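You will see chain A twice below: alongside chain B first, and alongside chain C after that.
Up next is the complex of A and B:
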C-alpha cells in the first residue's frame, strides 16, 4: 500500500493551482474514531448518478466516515443510453447497474428503502421500513419528479398510456412496446418541455433513435416533435444530422409555430396546443415539465421554483444547513441537468463534507460537463463546458467547451459515437462500478 | 484520493492504535483538492483515469507525455482531438501540469480492497 508520491511533491503540485491561497493548512485537526466509532455519519438519499457517486467519493475521501445510502431500487437503470434501447441498439440489461461494489469494495451501507420524511432540526431521516437514521450531514440526490398538474389531462394514469419514459425502467419498456406494436405509416409524437428540465438534448436524441428504428423496420413512419421552446441544445447539429440520416422523417415544431402542448388526451392519443391545433399520434411520448424529487420538499430545501438553490462552492442548501443537494434537483445553471454534472457535483460535495466534518474549509470546486448524443448508431455529437465559481456564482470558463464542429466529416461523427460509448462505460464504472 | 488515508489507516492498525480502541484519522486536504481538480476526468477516463477502452487510460503514464498532450489540446490546432481541445481550454497551463503529474503518480491498476 504505497503512497503515490510524497507530500513535498504534492505541495509543489498544488502551488500551481489557482485556489492555492484558499488551501487549508496541513496538520488538520484530527478526529477521533473511538472503539469502532466513526468520523461522522453521512446519509445519502438516492442511488442515481449523484447519490452513488457521493457515497463512493465520501468513502475515498475518508474511510472512517460512516456512509449510508438509501435507495429503493436494487437495480438502477440509467436514462443515459435508454434512447439507444428505444432505437434497438441495446437491451435493458446493458443499462442496469447495482450496488454490490459500493457495499463490498467501499464499505457503504446500502439500504433499499424510501426516505419518507426528513426532520432537519433533529437531523433525522425516516425510512419506509419504519427505521429512523440520524445524520451529521445529509446528501439528497433524488432526481426529478414530473409536474402532474402542468399539462391538462396528463397525470400518472395518463402516463401509462402516453409514457414519458423520462425515468428509465418500466416507462422505457412501455414506450418500446408501443413503438414495436405500431403499424408502419404511423406518427410518433414527442412533446418536449420548456427549460429547465432533465437532459436538454434528450428529446432530440430520442427523435433520432426512433427515426433509426423506423428506417430499419417501419420506413413509412415519422417523428413529430412538438416543443414548448424555440431553441434547443445542439440544434444545428441535430437538424443537420437528421436531414443527413433520415431525410424528412423528423419534423420539429417550435413554440413560435404553435408547438407548445397544453392539453393531453391520453385515451385518444391526441394533444392540443396553445392555439388550439390538434395532433393525433400513433405513439404518444409526453415529456412534461419537472421539479426536484419530492423528498427535497419534505426537507425544506426547495424554493418557489420547485428546484433547490445551493451554495455554489459546496452545494450545501441555501435554506437548511448540513443538507447538501446534487444533480437534477438543484439550480446549478449554467450547468445542465445531466448525469455527468450530477457525478461531478457529487465529488465536490463529498470533498466539502469530508472537510467540514474535520472543521476544514472545502477545497476549491472544479466541474466539467459533456453531453454526447447519438443521432444514429455511428453518428455522435457533443456539447461540453468547464465550470468554476466566479464572483459567488457558478460560471462557464470562457473560451472552453462548446459543441462539435458543424462541418466535421462522417469519420469524426463516427469517432464521437465510439467515445460516447467510452463515456458511458467510464461514468457508470465511476458511479456504481458493477453492472447487473 | 483515498490511497493516502488508507495508508494512514493501515499505519494506525499496525501501531495497534485501532486495537486499543482509539484510531486517529487525519484528512489529507491536499489529496482532496487534487481529487476535486481531477474529478471530471473520471467521467470519461474512469476512476483514477484507469479505464481501458475507446478513451485512453491516464494512470501511471509519463507526466511529460500527458502534459505535452494536454498543452497541445489547449494551444494547438489540428491535434486530432474530438473533445479534449474543448476541455483543456478550461484549465490553466499550471492546472494541466498538475493534472498530468497527478495521473502519472497513480498506479495503473487498482488495489482490490480499500
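Up next is the complex of A and C:
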C-alpha cells in the first residue's frame, strides 16, 4: 500500500468536516488527529502471528497511524517448528523472535504488559502496569486459551506434569525434558482434541517428530495418539509417511475405537477414555480443547462457542464495533487456525482499519494458507487453500488449493521439507523481522 | 495465565448488549420466523405434526453453529418443557432438513426414559436446519430447529477409505449402581459403516445402503429405550441417553442392521 491515497483521503476527510454527517463520527473518535500529529490510535493486543503482523502492516499502510502493541513477552517463541525442537532438529533459539524491528524500523510503540480489561464503550484498554490506553480501533490477536474444565483432571497444575506444549516456551521445554528423561521402551501418549483447535495437523506432525527422536535415540519406544476425532488433517499422507519412516512405531486410535479421552490422572500419567479404557504413559502430552484467549471474553466479542464471530470482509467483531479480531481466536472456518492464516487475516485487518480511519471502504479481502508438516527431517507434506468471501461467508475457492500427491517419490517429500523451512523463514521475517 | 486479572465483572457484557440492541432484536426474532418454516417446509415433519401447531418452548437442540466436519456433527436434544403430571414424551424425531434423506433418528421413550437428554452424532451434507419434533402421551407436540453452518475445509480433508466392520466392538458405559428414581447416564458406541446408499466407491460403483436400523435397550423384560436410526446418523453410531430405573436387573443392549444382523451387550444393574 502506498502513501498517496492516504494523503488524498485525509484531505477528503477534512473537506467533509463541514458536513453534519461527519460530526457524530468525530465525536466517537476524539483522538483522530485533525491537523494533529497522528491519524488515529490503534491498539493491538498480542504480539504473535496475528498481532505483530497487524501492527507492522498498519504502519506500512499509513505511518501516521499511532500503533501501540501490547504483549507481555519480550521474546516470542513460535509454535510452528516447536515440534522440530521436540524432534531434536532445532534449538529453541531458532524459533525465538523479538520486537526490535517493529519498534525501530516501523515506529510501533511496543509495551510489554498484559491487557487486563477492555471497556468497549469508552474505547479503553487497561494494562497490568496500571496504565490505560485509549483507542480509536482495537485489534485483538490473543491466540487460544486451554479449556481447563473440559477434561476431568486436567488443569493448570496437571499441565506441569502432563504438558500440552500447545503454546511454545516453558511448556515446550518441559515436554522435551520429559522426552529426554524417558527410558527406552516407553510410550509417549498424545491426547488430541476435537475440532476446532489450534493447528489441525499439529498433533500428527508432533507424533512424527517424537517418533524420529525415538528412532535415533530410543528405538524400542512408541507413540500412541488417542484422538477425539475420526479423521484428521492430511490423514492419508501422515499415515503413509509414518509407515514409511517409522513402521509400527506410531499408533492412532480414533473416536470410533474409543480414542476420546475424558479423564486425566497427571500424577500417575494415566488417561481414561469415554468407554473406560485406561492407558498408561511414560510421557503424557495432553492437548485439551481450547477457546479464544480470555481477553476476548473481557471485550465481549466471544459467543457461546467460546470463539469470536467476525465480519468476514474486515474481521471486525460481529458483536462490538471498532474491535477487530484475528488469528486463532476467531471463527474463520474454513480457514484453519494457523500462523499463516493469522498473518493473512492481520493484513486484511490493517487495510480495513487504515481505510476506515480515512472513512474509506475496506478493500476486497482474500486469503491464502499453506500448512506444511514434517513427517521426518527430509519428509514434508502440505495442504494449501485460497479463500474469499462468498454469499457473506468465508469460502474456499474451489480448485485453488490442494494437498501433496499421495504417491510421490522421496525427492518430492524432501523438496517439501525444504519449502517448509523456506516458508518458516519468510513468515517470521514478514511478521517480526528480528530474531533474538 | 492466571485468571486473577479479570477484575471487572459483567460491566462490559452489559455494554455489549446496549451496543448491539438493534442487532439483538434481529437475532431474537429470526430463529423463530425461520424455525416455524423449517418444520413447515419438511414433509416428513408435517406428517408427524399432522396439522398440530407445536409448542416452541421446552425442547432444546444442542448443536455447534459452525462445524468443520459434516460427517460427524455432535447433536444433543433435551426436554424441560411443561407437561401434565401424568403425561410424558413418547417420541422424539430428528431431521436434517437439507440432507437427501432428512430422517436422522426417532427415539421412543417410556416410563424408564421419560426425562430425555440424548446425544448422538449426525451427518450434515451442507449448511442447513436441523429439526426436532417431540410428542407426548396425551398428544402435545413440541418443535425446535437450529441452523448449522458446514464449512468443508481442505485442511481437514477426510479420508474416506477407512474400512469399518459392521456391528463390531459394541461398547457400553454405564454405572452398575444407582439409587431408585435417580437418573442413570448410558453411553453406547458400535462400529458400523452406516453406508447411506448414496455414495460411490473409487471405481464409481454405487455402494449399497447398509445401516443399523434399530437399537433397543431392555431392563429385565421391559423396554427402556428405543431408537430407530436412519442414514443421517454418522458412521459408528454413538448414543448417550438417560434412564430412571426403579428396580435391579439385567440391562440388554441390541443393535440390528438392515441385513438382519445383530449385536448384543449386557450389563448387570443394581438399583438401591
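Some observations on this one:
The rule we apply is simple: the second predicted complex is superposed on the first by the 400 of 436 C-alpha atoms of A that agree within 3 Å, B and C clash if a C-alpha of one lies under 4 Å from a C-alpha of the other, contacts with A are read in each partner's own complex, and residues count from 1 in each chain.
Methods note: a contact is a pair of C-beta atoms (placed from the backbone, for glycine too) under 8 Å apart; a residue touches a chain by one contact, two chains touch by 3 or more.
What you see is a predicted model; the values in this text were computed from it and never measured.
Of the two partner chains placed by the overlay, chain B and chain C both lie in contact with A:402.
Legend: residue contacts after superposition of the two complexes on their common chain; A:235 is shown touching chain C, with no touch to chain B.
By the touch criterion defined above, A:116 reaches chain C but does not reach chain B.
With both structures placed on the common chain, the touch criterion links A:75 to neither chain B nor chain C. More residues of chain A are touched by B (comparison of chain B with chain C). In the superposed model, A:200 lies in contact with chain C only, and not with chain B. Of the two partner chains placed around the shared chain by superposition, chain B is the only one that A:62 touches, whereas chain C remains out of contact. Overlap of the chain B and chain C contact sets on chain A: residues 369, 384-385, 401-402. Looking at the complex, you find that chain B touches chain A at residues 1-7, 9-10, 21-27, 29-37, 39-40, 42-47, 51, 53-55, 82-83, 86-92, 94-95, 97-98, 101-102, 105-107, 111, 113-114.
Per the touch definition, chain C reaches chain A in the complex via residues 1-3, 5-8, 11-13, 15-16, 18-20, 23, 64-69, 71-72, 149, 151-159, 161-162, 164, 169, 171-173, 187, 189, 191, 235-236, 238.
Taken together, the chain A residues at the contact with chain B in this complex read 1-5, 7, 9-11, 13-14, 16-19, 23-24, 26, 28, 30-36, 39, 57, 59-64, 105-107, 340, 343-344, 347-348, 351, 354-355, 358, 360, 363-370, 382, 384-387, 397, 399-402, 404, 412, 415-416, 418-419, 421-423, 425-427, 429-430, 433.
On chain A, the positions that touch chain C within their shared complex are 114, 116-121, 128, 145, 156, 195-196, 200-201, 229-236, 255-258, 274-276, 294, 298-300, 303, 305, 319-321, 331, 333-336, 338, 369, 371, 383-385, 393-396, 401-403.
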